[in-house]
Each structure stands twice: as C-alpha cells, then as structure tokens.
C-alpha cells in the first residue's frame, strides 16, 4: 500500500505531483510510528531514559501532525505546511541527538528514521520555497 | 524502515513476538494515512461526498489510536488493545461500505486498505483471545 | 469556549441534541489532555512508573480518537461511536486502577478525570442503545 | 477539571510555572476540538466549503500536536516547543481568515477560538524567547 500513489489519485493532483513533499509525508508517517514505539521501548529500559521518552513522544506527535497536513491537496495551505515542516525538522534533530546517546537497537533505528525524516522534510521545504 | 522490526527491538519482546498484532499495527498505521488522504480527496470531488469524508476521518482517527496502542509492549494492556481492535474493525467496515459507492481511484484504494486492516485486526484479536 | 455549544451549531443538529454524548465528548477531550500530562509527569517520578506511563499514553490516544469521532454529526456513524465509547471506557478503567496505586497529585487527578470520562461514556453508550 | 493545575502537579514544576505556556496549552486543546467540529459542520453546509474543511482539519491536527508537546515538562525541549508554537500561530491565522468568509455560527465560534489560541501561543512564544 502506498501513501504516495494515494496522494496522486487526489482529483486536483496530476502531472505536477510534488515528489519531495510526497516523500516527506511517507517518512513522517513512519517516523511518527517509530518514535511512538521508541518512547515505549525506552520506558522499559534501565537507566535514565526520561529525556528519550519525552523527545520521542514530542517527535511522534509532531510527525503525525506533519504527515496529515502535508498529505492534503485540497485548497492549498502552503504557509502552514512550511511552518509544520520546520517544526518537524527541529523535533527530529532533537530526537536524533538524544537517541544517539543510548546503546540499544531501538534508539539506533529511531535516530536513523529521524535522520531520513528530517532530510526529506528539509528537501520538501526547500522545494516549496523555490516554487514560491 | 519497518515498524515490525522496531517492535521486536523492545527490551521485553523476544522469541514470543506477536506476529499477527505486528501486522495489525503496520496496516492500521497505513490505514490511518490512507483514510486521512481519502477524506481530503473526497472533499475535492463533485457530488455528495459528506458521508465519505466523515467515515474516512473517523476511520483515520481510530486507526491512529489503534496502531499507537497496539505498538506498545511495556507492562501489558490486553483488554484495551482488544477493545480498540474491535472499534478499528467496525470503523474499517463502515468505511469499506461507503467507499465502495464511489467510482474513483482513491476510494477504491481506501476500501482495499480498510479491508486489509480489518482482516489483520480480526486475526490479531482472535490470536489474543486464544492466548488468554 | 464550549465544545458542547459548538456541536449544537452543526447544521444537522437542532432540538434533538444528544446531551449525554456531548458530555462524553467534553470529558474525553479533557481526559486526553490530562492522561498525556500524567504520562509525562510519571516519567519524571522516582520508582517503577512504567505501567502508569503506558496506560496513560494508551488512554490519551483512545480518548483523543473517541472525542473526535463522537463530535462529528455529519452522516451518522452510530456503530463506530458505540465501539469507540466501549474502548474508551475500558482504557479509562485500566488507567484508574493503575493511577490509584501511586501516591501523588497528578495520578489522583488523572484517576478522577478517567472516572468522570468513563461514567459519561457509559451514559452516552446506554443512551445510544435505548435510541436504537 | 483543569489542565493548568495538572501541569503544576508535575514533579519538576514548582514556583516557576510558565503561566503563558499553560494558557497556550489550554487554548490549543480547545482549538483542536473546535476546529475538528468545524470541519465536520462545514462538510454538512451548502456551498463551497472545501477550503474551510481543509484549513480546519490542518489547524486541528497542529493544535493537537502543539498542546501535547507544550504540556510536557520532563527534560525540556524548548526549541521544539517554539517551532511548534510558530506552526500553530500560522495554522490559526489561516483558519481565522477562511472562517471569516462564512456566515454561520460554527465558523464564527471557530474563528474566535483560533484568535484566542494564536494570541496565547504568541504570548507564550515571546515569553520563551525572553527567558532564553
């Protein structure tokens, strides 16, 4: 199942499908799920995991809002998408930095996911500025 | 990136990973995204799309809660996961019925996604009852 | 600002406004916020707070879906609202039981909030069954 | 029930409770609920309501992320709260502009709610910058 193909089937989307934004949606969707899982896995680890729980929950909530808003193609809402992409990049960056401190597989996977998400959100944001 | 591998990296999950529940998480995550997109695409279509917007938004919200709750592996919350899987199956069934009335690609894709999600949630629910 | 008055301003809602369901929406909205805060506060407490973090996060996610779905008045979706109210009652009950174990103000407040939410969701559910 | 009192009961929050941020949380929580209701009510109205549905859904999603993130007091995440407050202000401003075009009670209420939310988010944002 593909969220990118789904967006292309919107009646107002045609040849000018924004590929970079589609990739950002796909990765923010995954990042929301991975960060939600990492917050839960961290809460079951020994040691001081409080910061990791908090930053992962924040990143999950922000990625959820980001992918939902950036998915929509009705009526346009460019300034809001841009502001939300910026918030998403910041949330991912904080989460990468924190997860990098913890030596376990779920934090490594979460940091990698956040890196891909931040990269794609930045690419989408740059693409939107050029188009404006 | 794989949400199923992520769940397996939880410190309390090992050989007894619940595969059916993992599949339900993965499909509910996608279904949340596809239904959110279908509600938006429907709002741009001609004709009476009100029921489709509403049922897709409901299904997206319920799939989001379902995959987030069913992802967690800390401390256990079986009765809640079961009740939420049931709500998710009902939401998907209503969405399938409504999307089947509309002759467009995004409603067909959404109905197909909801079918897979309902199928996997039912399988996960049956698995949990047998285990109990 | 009142979510109950807002629902009454929906073009399809008039004299037959479902008061019990309105109260359930209002309390599930608050309960989503209170449980989200309790999960965060618990993660900063000493001792074994893992179960409380998890059950509060589950309850917050489920209350969010519940109030969003139960708010909508376009096209009707009774079976889905009922299933989601049931999931919400179960989530609140588990959260009450866990929060009652912890001697701090935020867990006491969270348990009280979950009690009110579960009570109103049950009342709304019973009202919907009688109407059917 | 008060989300502001709840935040004050967090173990790391004491005399230095950030009142402006607390107000932003409270209003963003309400604004998430009101915008979700307005999107639904708009979809039941006659006329071209597509832009209003979309902007209200975007604003609801962003307010949800904003209040959840800004509620948390564990470990600190100032840069993320600031970026999310900025996205929330932008989302509210777009929603106000669109709702002001529609002559019905729910759009008037939604615009008023968004004004209060944007005002409080801006006040909280300015407070955080001064503190930094």
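By written order: A, B, C and D. Residues from 1 in each chain.
Operating definition for what follows: a residue touches a chain if its C-beta (ideal position, glycine included) is under 8 Å from a C-beta of that chain, and two chains touch if they have at least 3 such contacts.
Small disclaimer: the values here were computed from a predicted structure and weren't measured.
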A-D or B-D - the one linked by more C-beta pairs in contact: A-D
Chain of greatest Cα-centre distance to chain C: A
Centroid distance [mean C-alpha coordinates] between chain D and chain A, Å: 20
Cα-centroid distance, chain B relative to chain D, in whole angstrom: 27
Chain C residues counted as touching two or more neighbouring chains: 40, 43-44, 50, 53-54, 57, 64, 68, 72, 74-75
Touch list for chain D against partner chain B, complex: 39-40, 43-44, 50, 53-54, 57
Residues on chain D engaged by chain C in the complex (per definition of touch): 1, 3, 5-7, 9-12, 25, 27, 29-30, 33-34, 36-38, 40-41, 43-45, 64, 67-68, 71-75, 104-106, 109-110, 112-113, 116
Residues of chain B that touch chain C when the two form their complex: 50-51, 53-55, 57-59, 61-62, 64-65, 68-69, 72, 74-75, 77, 79-80, 83-84, 86-87, 90-91, 94
